[in-house]
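Chain nomenclature is as follows: A, B, C and D, assigned in order of appearance, with residue numbering initiated at 1 for each chain independently.
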Amino acid sequence: MDLELALRVCEAALKQAAREGALISVAVVDAGGHLVTFQRMEGARLAGPVLAPGKAYTSVAHGRPTADLAELARPGGELYGLAGDRFVCFGGGVPLWADYGEGERVMGGVGVSGGTIAQDVACAEAAASVWHTR
Amino acid sequence: MDLELALRVCEAALKQAAREGALISVAVVDAGGHLVTFQRMEGARLAGPVLAPGKAYTSVAHGRPTADLAELARPGGELYGLAGDRFVCFGGGVPLWADYGEGERVMGGVGVSGGTIAQDVACAEAAASVWHTR
Amino acid sequence: MDLELALRVCEAALKQAAREGALISVAVVDAGGHLVTFQRMEGARLAGPVLAPGKAYTSVAHGRPTADLAELARPGGELYGLAGDRFVCFGGGVPLWADYGEGERVMGGVGVSGGTIAQDVACAEAAASVWHTR
Amino acid sequence: MDLELALRVCEAALKQAAREGALISVAVVDAGGHLVTFQRMEGARLAGPVLAPGKAYTSVAHGRPTADLAELARPGGELYGLAGDRFVCFGGGVPLWADYGEGERVMGGVGVSGGTIAQDVACAEAAASVWHTR
């Protein structure tokens, strides 16, 4: 995950946010869940610097979109108790995959926060599509 | 958010608490969520120094009253998992807005803890009304 | 440590700061080290909300001015390793004592941050003198 | 501190890093110390995502370059014990000032990590000069 590609991934999230009329923060992390780039739009909520990197990290750490964790983390769900300060278990985080012949591997993640969950997810998916068509 | 105004915001919360017969802590934070003033009434619970600033910060970070987050953060809600050490997701935190022509901007927040949730909300709203009529 | 007295203690620190030409934050804590009141002057540094309560707490927790801990906490000192995020070991925190016949007891503490260490100490001592002549 | 300006500030740090032959992370924070943008160069150390935002925040919280804190935070220095998880007390963080007539105010900060301290400082100062000539 080099910086140039991460910035393009980021840019796609911001463009989608403009289309959605949402003010967002977006974070891109590498295969270790560590921040590569982060951008917060003017006027976006201060929760963004906490939640966007959190969602990106969580999507890498669990190898799936954070939206999928939402149900699993609820009372009665398989991963009840997971949600907390470390793992952000609601939509807006999406892993970035690569095919390595023998199987897919998580190469990074993108996290978006600031809009509604539907908007955050749409922005994160727009960002991820840049990665997958790189 | 200067100190003098913050003290007046604080005082309004304490007056409302006296009317409610509640013993509260009240915190006022700036646009960055950082404490400007805090006051704890004699006999108010020790949770106040944790929760009042926490509610004030949370209302700034999310740009809405913490009471609104309560529903969203419940199991089945859109933001389940948000509630934790960082964000306090029950009533008593209210953002303080200013109109900047192009739109409203969060200029600070007030958080109240110590009474029932209804009392905390009433105190926080009384405090916020001092700000909005400043 | 009731709120009214704590506010007077606080006010004395702010008056001293005005004399010193310093922009400070001041915190007053009770015998448990928990915040009773906090005030940050317009333009005072953002480290204040962290350090002023930290100094007040530390002075209560160790039963002495934080300035006294500075030497003890240095390499070679008796309490080397004490300084860190929990205990603030430089000047500006002062315990508030009461005489209980059999001996003195710490009833609270005041912490000041924002000026030079000499200014912070002067403000904290001015504040403590209000307590001791209450 | 809008995103566009923050990105230009960031870019200046990266250009200076290229001149220095250093691999860095750079963070720009707003007046509340909250992240606006972050960029990590390919191959830069994993400490960057921790230290660059930490330096930027610290320079805002204390209203001075983190290099100035280095001396003060040493054993025997006035602020010994300040250095820790919260405040990063070595060079590479620089506050961004604005003149408000009555005095200067901290409007944000930039933090750089990854090179030698001298390189980090050079990159942060190059970045800050973009802000001050905006």
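In this section, contacts are C-beta pairs under 8 Å (C-beta built on N, C-alpha and C of every residue); 3 or more make two chains touch, one makes a residue touch a chain.
All values reported here derive from a predicted model rather than from experimental measurement.
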(request) Measure off the straight-line distance from the CA centroid of chain A to the CA centroid of chain C, and report it in whole Å. (result) 43
(message) Could you work out how far the Cα centre of chain B sits from that of chain D, in whole Å?
(response) 31
(message) Counting only Cα atoms for the centres, state how far chain A is from chain B in Å.
(response) 29
(message) Going by the contact rule already set, what residues in chain C reach two or more other chains?
(response) 46
(request) Assign the assembly's chain-to-chain touch graph to one of these shapes: line, ring, star, complete, other. (result) other
(message) Dump the list of chain pairs that touch, please.
(response) A-B, A-D, B-C, B-D, C-D
(request) In the complex, go through chain A and note every residue touching chain B. (result) 43, 45-47, 50, 70, 73-75, 82-85, 87-90, 116-117
(message) So in the complex, the part of chain D that touches chain A is made up of which residues?
(response) 2-3, 7, 32, 34-42, 46, 49
(message) Under the definition above, what is the set of chain D residues touching chain B in their complex?
(response) 30-34
(message) Per the contact definition, I'd like the list of chain D residues that touch chain C in the complex.
(response) 32-33, 60-63, 75-76, 78-82, 84-87, 103, 105
